[in-house]
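What follows is a group of structures, each given as structure tokens.
Next, two complexes with chain A in common: one pairs it with chain B, the other with chain C.
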Partner chain A sequence: MNVRAQISMVFHLDKCIGCHTCSIACKNIWTDRKGAEYMWWNNVETKPGTGYPTKWEDQNVYNGGWRKDGDDIELRGAGKLRGLVNIFHNPHLPVIDDYYEPFTYKYLDLIESPAMDDQPTARPVSLITGKPINIKMGPNWDDDLSGTPDYARKDPNLEVLSEAEREAMFQLEKLAFFYLPRICNHCLNPACVASCPSGAIYKRGEDGIVLINQKVCRAWRMCVTACPYKKSYYNWGTGKSEKCILCYPRLESGYAPACMHSCVGRIRYLGVMLYDADRIHDTACSDEKDLVDSQLDVILNPYDEEVQRAAAANGIANSTLKAAQNSPVYKFVKEWGMALPLHPEFRTLPMLFYVPPLLPVMAKLSTVNNDEQAKKMDERAKHWPDNWLYDTSTEELWGTIEQSRMPLKYMANLFSAGDEGKIVNVMKKLLAIRMHRRRVTVGDVDAQKADIMLKEAGLDSLTADEIYYLTSLAKFDDRFVIPASHREQAIEMLEFTGDVKGSTGFGFMEKPERGL
Partner chain B sequence: MEKINILLFIVLPYLSLLVFFFGSIYRYRKYKYEYSSLSSQFLEQKSLFWGSVPFHVGIVLIFLGHLFIVLFPKEVLAWNSNLIRLLTLEIGALILGLSSLFGLTVLLIRRLTNARLRAVTSPMDYIVEFLIFAQIILGIYIAYGYRWGSSWFASVLSPYIISLFTFRPDIQAVSQMPWVIQFHIIGAYLIVLIVPFSRLVHFLVPPIHYIWRPYQQVIWNWGRKKAKSKDEIWTVTRPFNN
Partner chain C sequence: MKIHLKILTVIVIIITCSGVQAQTGQELFTQKCSACHTIGKGKLVGPDLSGVTKKRSEDWLLKFISSSQNFVNSGDSEAKKIFEEFNKIVMPDPGLSDAEIKSLLAFIDSQGGSSTASTQVTMRPLSEATPQNVSRGESLFSGEVAFANGGGACVSCHTVPNLSDLGGGTLSKDLTTAYSRLSEAGMVNIIQTQPFPVMKQAFVNHTLTGEEVFDLAAYLKSVDENQKHLENSNKPEKFIYSGLGGLVLLLGAFAGIWHYRRKRSVNHSIYKRQEDYLSNNIFKN
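Take a look at the complex of A and B:
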């Protein structure tokens, strides 16, 4: 057993309101620079939708991640042979047009233009060339536009659905969508690290953060191809790749990362998990149907005495072990089994977990006769001759999950490599907790019914209350359990963090400018 | 005339090598962030394929060929004693030269016509492209007009270059050369001279070690085991990533 610690995260999608505060917090700190304008280390996508960069999930296009090769795994679009052969021209590299050309507006024209017959306008100009452009694409172009044919219908996850299922999803009255915030997953088996010819990318042993050494990166561009989540970005200005650094300067000083700290919906949880590094490779090689389970198996129980001994032998501090025991992430992922990794089939063992959203399944449309109601309306009032009702009653215990407006198959394609059972398990828990809490607070739910639901979901009322607390009432310190970084032992961390203010946060004083 | 020859074929090469050697090391240590191939594929990738691949394949093999003849002149002469083998070598080299010429032309046109690329082009990039372009044109002209280059290079120029490196410079032969060949030699020195000041540094850091390193890299910023152990002395080392 080779115990290591990993700072891991849970995103509770039911709570995400799609406000993009996280993206802005991140951009203001890290990527508001030349060459990085187009980068969104944190972005929020509308699902179903094509995402950013366009259709990033379609690995037939981008060739990211690992694929199974006999008993072993290999990188799809990079690797030792493929990477070195393609070093002069990488055929699988996404280019700026797959993201969008960054732009600004000539605001000064509004003020400085001479007196004319017409109002002056602020024309959009490219941030690369400085010339006027026609904006074709921007960050979150598909935000909330789930139903339009250009975006939602091109979602790669819909390929497993039948034509009829797809059509049903996009009927205007039944349309449902949710938000998917994404940052770097700080994977256990990162494809970007494996693909870097220079060896510039590495995973930190202490906390599992994956970083690109900016001084070793030589712009061979393989990490951009290899990352299946497209969370490694090429800075066209400086000629270096950059990615989410999980705000390590903040983490080391005990603050939550900017995206998590600023989260309005409080959907994010961060904490330490211990994992067995010896089993990473075997796990990444397991069959697709076992991927989620074996990934969860790699995560160790911090209360297990054997694990504690092995952790101590590996130099893991007691404070980190304590943080692992209090970790909200461990609770969501392992104890309660409510959070799943995003696209586990990419085999990078992502360490960022999502609680799938329940919201769209709760209500369904039923046909009713509204004629009597219509007669009562004032004749001047505008009304539609609808004969359906937005029905939120739950006569059957699990009926609404099976008839979910967001097809389970779609969710399974996102979070469990196609295994609908895992999604149903989580949804049952979410729904059972909701029923249980309604019994407690409103009291109009039959007590026996709520108990049956809890039991079938594998919960008891105590656990349900605990989950409810962490979901809805949790305070800052419950959501973010950050271990001490032990600056007294870490030379890197002894440096004055204020030195880095105003620079790019990569921890060195050289101006990050393009070389000659 | 002799003074000019000394300047061009003794002073210039030593100056170039000194600047190249110390300049590259200084830049690597002091401005490591600037060591990059500065790939522009992200901004334009269609014509890059037709430029970058033929150019790099051609220029790298031609460079290695020149190096090989300098180091092993006797072996090359022995190989060239057979006409078929000589022709194979010469025609092969000419094709590589033409391939790099084609590639560089595509790259040059691409850089001049694409607005996005002009935004990331420095004056040094133009100097580099012009120098290499001129060097390739001269090289192809020499290969065509002064046959057979691989043979006389091995017998006349290899001793000159080796004499430079053994600090007994002998410019007798090189000062008798036709001016085209002399220009080609001077061009080579100029390219070596500007390496530390240009993006050419990327050829000094090819990712060879990727072949044998393990795929995954985990780096500990500090040795926790060491810090906790009573027996070991905790030494202060600057971390790798800073």
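Take a look at the complex of A and C:
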């Protein structure tokens, strides 16, 4: 057993309101620079939708991630031989049009405009060429556009659905969508690390954050191809690739990453989990149907004494162990089994987990005779000859899971490599907790029925309350359990701290460059 | 720069002066003409020159000798007739001044009926050549075996059929039919004395041995006899067409191999549909 610590995340999609505050927080801190304008280390997508970059999930286009090759796995579009052959021209690299051409507006035209008959306008200009452009695309161009032919219907996840199922999904009255915020998954088996010809990308041993060393990066851009989530970006200004750094300077100081800190819906949870590094390879090579289960198996129980001993032997600090025991992520992922990885079939073992959205059917269309009602209307009022009603007075408070507005098959394609059973399990839990809380707070639900539902979902009322608390009431310190990074220990490995006694702070100091 | 030009001019003058030497008509004839012409001993490569000064005017001869091709192209019917009569073999410009040509003509005139002035090589007749001679000649021609005194292989400038895949040089004459065009004596003479200016320059310090001349001549004779019917492999059209064909094949292979490679942005179809819609519906009126 080779125990290591991994800072991992849970995004609760039922709570995401799609406000993009996380994206803006990240943008303002990290990617508001020349060459990085088009990058969104954090972005929020509407599902069904094409996402950013367009169709990133379609690996027939981008050739990212791993592919099972006999008992082993290989990178689809990069790797030693394929990387060498394509090193000077990487055919699967996304181009700027696959993302979007970044733009700004000539705001000064508004201020400096002379007095005229008409309002001045601020024309859009490209942030790449500096010339006026027609904006054709943005990082969230498909926002809230479910059902549209250009975006929603081109979602690669719809390929598993039959034509009839798709049509049913996009009927006007049934149209639904949900939001999918994405950051780097800081995978256990990162394809970007494996693909880098320069060896510039590494996964930090102490917390599992995947980083690109900007001094070693030689801009081969193999990581951009290899990452199936397209979360590694090439900065054309610096000539280096960049990616989400999980705000490690903030984490090391005990703050939550900016996207999580700013999250309005409080959908994000962050905590440390222990995993067995020896089993990563076998897990990544397992059959598609076993992928999720074996990934969850790799995550170790921090209360297990054997694990604790192995962790201590591997130099994992007690504070980290304690953080792992209090980790909200561990609870969602392992204890409650409510969170699933996004696209586990890419075989990178992503360590960002999602609680899938319930999206229950809350009303149905029923046939009614509106004649009586029409007679009551003023004769001058417009008369609608319709005979249907958007009926919210269902007997069941929420419809069954099978009736969910988003087909289970679609959800399974996103979160469980096609295994609908796993989605059903999570949905049952979500529904049972709602029923249970409705019984407690409103009291219009049959107590026996709520209990049956909880039982079917494998929960008891105590656990349900606990889940409810962490879902709806959790405070900052409940949602973000950040282990101390013990930078002082790291520095002690390199130099004697007595030598720098009296100096300010710890860490690796670099003198700022001045002038041109 | 100016200094360089001056130095260059001086050098050029020195070289030209040293080249200009008063030469007698006989010397000139031996040096420049006798490879192809005789006086009173019959046709060789070119016509027998005995009595030529009586047959033609001095003016005509001056023009012909100083630059036969210019004269032929200028439309003189007599000159053209001679050119065609002798297999259209171009008489190289000897690079002589009018005065030198006049002294040359005076020599020919003085010889009357016949002259012994000649560089005729006395050599075994080529009918004695063995297959060994022919194969040695081929090796010498293609440069596989170097000439004893150095000197570039014939293949640098000349070609014959079936020499190699790439053929020989195209700078100078195709020698496939040299034997029948030039006759045995003429061909041997030309190989030996190199009357053509470029060829002469190339072999100025690298004279061919008698055996080498014999081998080459034997080879060229066998080429003439055996391969005259073959089409020369060194036609430039063939090279260009095979290159174009190869290019088409190569591009075809690329197109095949990378047929499924992504050629444009994923968003292309989205932009296209939207633009088409706008141009068909909104901007139409």
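Note that the second predicted complex is superposed on the first by the 443 of 516 C-alpha atoms of A that agree within 3 Å, B and C clash if a C-alpha of one lies under 4 Å from a C-alpha of the other, contacts with A are read in each partner's own complex, and residues count from 1 in each chain.
Just so we're on the same page, contacts are C-beta pairs under 8 Å (C-beta built on N, C-alpha and C of every residue); 3 or more make two chains touch, one makes a residue touch a chain.
As the structure is a computational prediction, the values presented were derived from the model and not from experiment.
*Asks:* What does the overlay on chain A give for chain B and chain C, a clash or a fit?
*Replies:* With chain A aligned, chain B clears chain C, so fit.
*Asks:* Contacts for A:Arg204 in the overlay, against chain B (first) and chain C (second): which applies, first, second, both or neither?
*Replies:* After superposition on chain A, A:Arg204 lies in contact with chain B alone.
*Asks:* In the superposed arrangement, does A:Lys55 touch chain B (first), chain C (second), both or neither?
*Replies:* In the superposition, A:Lys55 contacts chain C only.
*Asks:* For A:Lys422 in the superposed arrangement: first (chain B), second (chain C), both or neither?
*Replies:* A:Lys422: touches no partner chain.
*Asks:* For A:Ala219, using the defined touch cut-off, is the partner it touches chain B, chain C, both, or neither? Pick first, second, both or neither.
*Replies:* A:Ala219: touches chain B, not chain C.
*Asks:* Examine A:Lys136 and indicate which partner it touches, taking first as chain B and second as chain C; both and neither are also allowed.
*Replies:* A:Lys136 contacts chain C only, not chain B.
*Asks:* Any idea whether chain B or chain C touches more of chain A?
*Replies:* B
*Asks:* Between chain B (first) and chain C (second), which does A:His12 come into contact with in this model arrangement: first, second, both, or neither?
*Replies:* A:His12: touches no partner chain.
*Asks:* Could you look at A:Arg250 and tell me whether it touches chain B, chain C, both or neither (first, second, both, neither)?
*Replies:* neither
*Asks:* Contact-wise, after the overlay, does A:Val95 reach chain B, chain C, both or neither (first, second, both, neither)?
*Replies:* Both partners.
*Asks:* Minimum Cα separation, chain B versus chain C, post-superposition (Å)?
*Replies:* Across the overlay, chain B reaches chain C at a minimum of 7 Å between C-alpha atoms.
*Asks:* Let me check the overlay on chain A: which residues of chain A are in contact with chain B and also with chain C?
*Replies:* 91, 95.
*Asks:* Would you tell me which residues of chain A are touching chain B in their complex?
*Replies:* For chain A paired with chain B, touching residues are 4, 80, 83-84, 87-91, 93, 95-96, 128-131, 189-190, 193-194, 196-199, 201-206, 211, 213-221, 224, 234, 236-240, 277, 280, 314-317, 489-493, 495, 507-508, 510, 512-516.
*Asks:* Report the residues of chain A in contact with chain C in the complex, numbered from low to high.
*Replies:* Checking each residue of chain A against chain C gives 53-55, 61, 91-92, 94-95, 97-98, 136-137, 149-151, 154.
*Asks:* In the complex of these two chains, what residues of chain C are touching chain A?
*Replies:* Contacts found on chain C: 258, 261-262, 264-268, 270-271, 273-274.
*Asks:* Which residues of chain B touch chain A in their complex?
*Replies:* Touch residues, chain B against chain A: 31-45, 48-49, 52-53, 56-57, 115-116, 118-120, 122, 124-125, 197-199, 201-202, 205, 207, 209-211, 213, 215-225, 227-228, 236-242.
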